[in-house]
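Presented sequentially are two complexes of chain A, the first with chain B as partner and the second with chain C.
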Partner chain A sequence: MCRRFGLLLILGVLASPLFGQDTLISRLRIRADSLLRTWQQAVAIANLADSLERERATIGRDTIAVGALRIITNASPLPVRQAAALAWPAIDSLYGSAAADLAERPYFIRAVDPDSNARRAVLHVGLEVPWDLDLRSTTTLLLTTVPIAPPDRALATWLTGVLRPSIHPREDLGGVYLEFVTAPSQAARGCFMGDIASCIDALGLGDTNHLERWYPSAPERRAVVAGSFADFFDHGGSAQALRECVAGRDASCTALLRSLPADVLPKPLSDAARVSLVRDALRLGGQDAYRRLLRDPEAAIADRLAEAAGVSVDSLVAGWRNAALAARPAPVELPWWAIGVALGWVTVFAGCGLSSSRWRL
Partner chain B sequence: MVMYKALLYTQWKWARLIILLGTLAGFSLPLLSLQGAARADRGALQAQDLLRAVQSWGTLYPLLAAALGLLVAIATWTADHRGRHVHALTLPLPRWRYVLLRFAAGMTLLAVPIAAVSVGALLAAFTATIPSGLQAYPLALSLRFALAVLVAYAVFFAISAGTARTAGIILAVVAALVVVQVVASIANLQLDLIGTSQVVLLHGLGPLAVFTSRWMLVDV
Partner chain C sequence: MAPLRVWIAVAVGGCALIALAYLPPRGAAPRGPRFATYSPEPTAARRRAQAVAKEWRETYASLRLLEDRQHVKWDSSRVGPAIIFRGPTLPPTAVRTVEAVADSMWRALGLGETKVRAALVIALERAPGSAPGPIPDQNGVAFLTPDSTDRTTCMAFLPANHFWTAVLLGHPPRHFEPDWLARWFQSGLGPCAYYAAYGTPSRSVRSWLAARNWDVALYLGTHGIAGERFLSVNLLGDPRYSWYWDGIYSLSPSTVACLAGRLDGCRSAVLYGADDDARIAVPEIVRLEQGWWRKQHLLPGERFLGDVARDVGRDRFQSFWTSSLPVDTALAAALRQPVGEWTKQWERRFIQPIRLGAAAPLGATLLALLLAAVAVSAVALAASRRQVR
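So, the complex of A and B:
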C-alpha cells in the first residue's frame, strides 16, 4: 500500500512540470494575443492620425490633376503643373496601367517661402518645398517621389528599394557598362563577354548559391574578404581565419564568406543594374507589365520579369546587356573642335604677347 | 633662321634645367601610373584598382603642363627684363619679329617634354596587361598634354611680355570680381560671378578647358 502510494507520489511529482508547462504556454499565448491587440490598436490610431494629418494637409489647398497624378498643394509660384506635365509621361510609361492607381495616392506638396524664417505649422505628410525651385528640379522631385504602392517583399529585397522612373536612362546604363568592366567578379566579366548565363548569375536571377556563382575562383573570394570585410573579420574568433585567407588559404576565405548572411555578400552588379533590367522588362511588356510583375509574389524573380516583359528571361537579359554595351561612356579622346579651340587660344595669347604695349615705341 | 637658332640656343641655356626635369617627369608619369599593371598576377580582378591608380596619377599631367608653361615663359623673358630690353632694341629686326622668334623658340623647347610624355605613354601602354573592356589612350593623352602645355605657355608668355601696368589691370579685374561677389553675398543677391567665371574659363570654349576633363591613360 505504502509502495503504491509512493509510486503515485513520484508520478505526481514527475507530471507537475507538464501542468506548469501548460500554464506557461497559456500565459505566453495570452501575452501574444494581448500584444497583437495592442499592435492592432496602434495601427488603427496611426492610420487615424495619418488620415487626420492628410485631411489637415488638404485644407485650403488646390488639387492639380495631370493624367492620373494628383498633387495637393498651396498657391505659389512653384511650377507644379508644368512639372507634372513633364513627369507624367515618364511615370505612365514605367508603370503603365498601374499608374492609374496614383489617382488614389496624391502627392502633398507645401510650397514655402525660401527666405522666410517665420514659424509655420508642422505637417507630417508630404513634402515641404521652397517655391523658387525651377521646373527641372520640380520635375525631378516628382519623379523621385512617385507615391506608388511599394512592391512586395521579395521584389523589394531583390531590387533593394522602390522602382522609380529614370531621370538619366543613358547615364544609368553607362554605369552598368562600367560595372561590367570593373566588377571583381567572373560573373560580371562573363556577362560583358556575352555569356547570358553569367549575366543571370550576376543579377542574382539564377541559382541562389551566390558565393559559387558570383565569385567562383579563389582569388575573387580572397579579394572580396580583403576588400569588403577585412575590418569586420579582424576581431575575435574570425581574425585567425582572416589571416589565413589573406595568406592564400581558400578554405578560410570560403568559410568566412559562408558565415555571412546571404544578402550581405557584395553583388557583382549593383542595384542600379537590377533596376535598369526591370525598367527594360516593363518597357517591353507594355501597359500591363507592372501589374504582371506584381501578380505573383511567390514566383521566382526571373519568372516574374519574363512574365512582365512577355519574353524569355534570356532574351530580356540579352537585350539589356546589348543596351548597356551600347551606352558605353564616351572615351577620353579630345573632340576635333577642342583641338581647334585650344590652338585658337594659343594664337590669341601669342597675339597678346606680340601686341604688348611694351613694344610700342 | 640664324636669328632663330641664336635665340633658341640662349633660351636652351636659360631653361635647360626646367626642360630636363620636365622631360624626366613627363616620361616617368605614364609608366608610374601603370606600375604593376604588367605583372602576371594582375588580371581582370584589379580593373577597378587600375582605373583608380590611373585617375590619381592623371591629376599630375595638368599640373606638369601648367608648371612647364609657366617656368619656360618666365625663363624666356627673365634676361630681357633684367637687361631692360636694351639688347632686344639693338638687334636689327622689328620688335614683333623678335617676340615671335622668342615664342617659337620656347615652343620648340617644350616639344621635348611633350615627346617624352608621348614615348612614356606608348611604352607604358604596350608593356601593361590591360583587362578586357579597358583601353589605353596614349596618343589622346599626349595630344591633350601638348595642347595644355602650349596654352599654359602662351598665357604666361603674354603675361610676362606685358608691362607692370597690364599685370596691374589683370589683378585689378580679378580683385574687382572678388569684391563684387563678396558684396553680392552680403546683400543676399543671386549673383555668382566666381562660378560664372569658372564656367567661362574652364568649360566648353574656355581657354583653360583643355586642362579639365579626365586625364586617363587607360579608360573604358
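So, the complex of A and C:
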C-alpha cells in the first residue's frame, strides 16, 4: 500500500511541471481573451473619441467650399479661400470625377499664432499652420495635402507615394530631361534617343528583371555599386567583393547588386518621372481617368496607365518623352555686356590698389 | 576721447545692423513656403487602444509559443529545426522546400543531432480582418528558451511579412536569391541556435544575457568574424550625415566609448548586466521589438558571442558558456585576454574608431593658420611702413 502511494507521489511530483504549464497556458489564454475584449472596447471608445474630436474640430469654425473642396478652419488672416480658388482647378484637372469625393473628405486647418512661444492646444485632427502664411504657401499646402483616398498598394509602390497635383509642372518635366541626360543607365539614354522600349524599361513598366534592363553594361553596374552602395558593401564579407567590383570584375558587381532587394536598386528615372507620366495619362484620359486607373489593382501598371489614358502605353510614353524633351531647361546665357562690366570692376579695384599712396597715420 | 566715441558709435551701429538683418518684425512675411510644424497626435483613447493591442500581441505570442511547444512534432528524418506554420496553408511542395532549406542551414551552422532541439513557428501574413484581434506585429520576433517544463525544446516565433509570406507560398520575386531564405531562418533562430550548439548556459551567463535581453547572442552566423554582410552597425549610415551622429549619441555612453576605441567603454559595454543577479522568468520569453538595434549596448552586439565562439574554438566557448564563475572572469579566461582589449579589436573589424569631442577639420585648421599668417604679415608690413610726421 505504502509502495503504491509512494509511486503515485513520485509520478505526481514528476508531472507537476506539466500541470504548472497547463495552468500557465490557461492563465495566458484567459488573459489573451480578456485583453481581446478590452481591446475591442478600447477601439470602439477610440473611434468614438476620434469622431468627437472631428466634431469638436468643426465647432465655431467656418466651412469654406470651393468646387468639391471643403475646408474647415477657424477665423484668421490665413488666405484659405483665395488659396482654395487657386488650388481647385489643379486638383480637379488631376483627379477628374474622383475629385467630387473630396466633398466627403474635408481639410481641417487650424490657423495658429506664428509666435512659437504662444500656447497651443493639443492637435488631434487635421493640420496646424501659422496664420501668416502667404497665398502662394497656402496654395502649395492645399495642393500637397489633398485628402484624397490613398491608391492601392501596387500603384503606391510603383509611384513610391501618393499622387498629388503638380506645383511646378514645367520644372518637373525639366527635371526629367536632366535625368535623361545624366542618369548612368542605358535605358535612360535609350529613352532620350527615342527608343520607347527603353523608356518603358527605365520607368519600370516592362520586364521586372530591372538589373539587366536598367544597367546592362559592366561600367554601369560598377558605377551604381561605387556610387550608391560603396559604404554599404564596405563591411564584412562583401568588402572583398566590393574591392573586386571597383577593380573591374563585373561578376562581383552583379552579385552585389543581386543581393539587394529589388526596390533598393536605384531607378534610372526617379519617382518624379513616374508621377509626371501618370499626370500625363490622367490629362489624356479626361474626367474619369483617375477612376479607371484605380479600377483594377491586380492589373499591370502599364495596362492601368493605358486604360486611364485611353491610348496605348507606347503612345502615352512617347508623348511624355516629347513633353520632357520640350521642357529642356534653358541654359544660362551671359549677356555680352556682363563681360565688360566684370572686367570694368576688376580694372577699378586693381587701379585703386596700385595707385594707393603710403599709409599716413 | 573723440576716437572712443567713434568706436562706441560703430559698435552700436553694428549691433543695430545685425538686429535688423536677423530679427524680422513680428508678422513679417515668411521667406519661403512654410507648412504645419505640428502633426496630429492620437487621442488618449486611441493611445490606450494601441497600448492594449501591444499587450495582447505579447500575450498571444507567448501563448502561441507555449501551446506550440506542447504539440511540436519532431520528424526523425530531418536534422533541422521543426517548422510550424501559422496562417494560410502551405502546399506540401512548399513545406518540403522550406524544410530542406532549414536542414541545410542547420548543417551549415555545424549542428546535427542536438540535445536541445529548436522549433520555428512561422506566422504567415493574414488578410486584414481575417482573424479577430489587432493586426499582428510583423516585426515581433520572440523566443521561448528551455525551462524546467521542457529542458530540451527552444521555440522561436518568426512572423513572416508580406515579402516572406509570398516567398513561402511559392511566389518569390524574380530577383530572389536561394540563400536569402536560409539567412532569414538563421537570423530567426536567435538564442535557440546557442542552446542547440552549446546547451543550457550556466546561471551567471543566463542571468547576464537575460539582463540585456540576449542582445549579444542573437546571431550564430556560419561564416568567420566579419563574414556577414548585414550588421546592425550598418544601420547607422554614413558619418558624413547628421543622422549618423544622432544615432551614435542615442546609444549609451559605454557603447559610444567602445565605438571610439576606449578599452573601459568596451569592457562596460560587454559586461552590462553581468553584475546584476537578474531574476530569470519562467517561462523565459525573449522579445525583440522593432528597432531593437537602437537599444543595443554593444554594436554590432547581435553577433558578439558568435564571433567569440568562432575565435576561441568550441571547447573554450563551451567552458565559458557553462562556467559558474562571474561572467567577466569566465569570458576573459575563454578569450585569454582582457575582455575590453579583445572587444576593442573585434569592434575595429566593423567600424573605424569614431572621433569624440570637438575637432576642427584639417582644411579649416589650415585656412585659419593661413589667415592668421596673412593678418600678422599685414600688421608687420603696416608697422614697417608707418611714418610719423
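Here, the second predicted complex is superposed on the first by the 282 of 361 C-alpha atoms of A that agree within 3 Å, B and C clash if a C-alpha of one lies under 4 Å from a C-alpha of the other, contacts with A are read in each partner's own complex, and residues count from 1 in each chain.
Keep this in mind: a contact is a pair of C-beta atoms (placed from the backbone, for glycine too) under 8 Å apart; a residue touches a chain by one contact, two chains touch by 3 or more.
Predicted model only: the values in this text are computed from it and were never measured.
Contacts of A:G248 after superposition: neither chain B nor chain C is touched. Number of chain A residues touched is higher for C, counting chain B against chain C.
In the superposition on chain A, contact of A:G126 is made with chain C only, not with chain B. In the overlay built on the shared chain, the residue A:P150 is in contact with neither chain B nor chain C. In the superposition on chain A, A:L211 makes contact with chain C only, while chain B stays out of contact range.
In the superposed model, A:I25 makes contact with chain C only, not with chain B. With both structures placed on the common chain, the touch criterion links A:T38 to chain C but leaves chain B unconnected.
Within chain A, the residues touched by chain B in the first complex and by chain C in the second are 115, 358-359, 361. By the touch rule above, chain A contacts chain C in their complex via residues 17-18, 20-21, 24-25, 28-29, 31-32, 35-36, 38-39, 42-43, 45-46, 48-50, 53, 114-115, 120, 122-130, 132-134, 136-137, 140-141, 144, 208-211, 231-233, 235-238, 258-259, 261-262, 358-361.
Only residues 26-30, 32-46, 48-49, 52-53, 55-56, 59-60, 62-63, 66-67, 70, 132-134, 148-150, 163, 173-175, 177, 223, 226-229, 231, 233-234, 237-238, 283, 350, 382, 385-389 of chain C touch chain A when the two sit together in their complex. Those residues of chain B that touch chain A in the complex are listed here as 43-48, 51, 85, 95-96, 99-100, 103, 131-135, 137, 140-141, 143-144, 147-148, 150-151, 153-155, 157-158, 160-163, 165-166, 188, 205, 207, 209-210, 213-216, 219-220.
Put simply, chain A touches chain B in their complex at residues 115, 177-178, 180-184, 189, 192-193, 219-220, 223, 328-329, 331-334, 338-339, 341-343, 345-350, 352-354, 356-359, 361.
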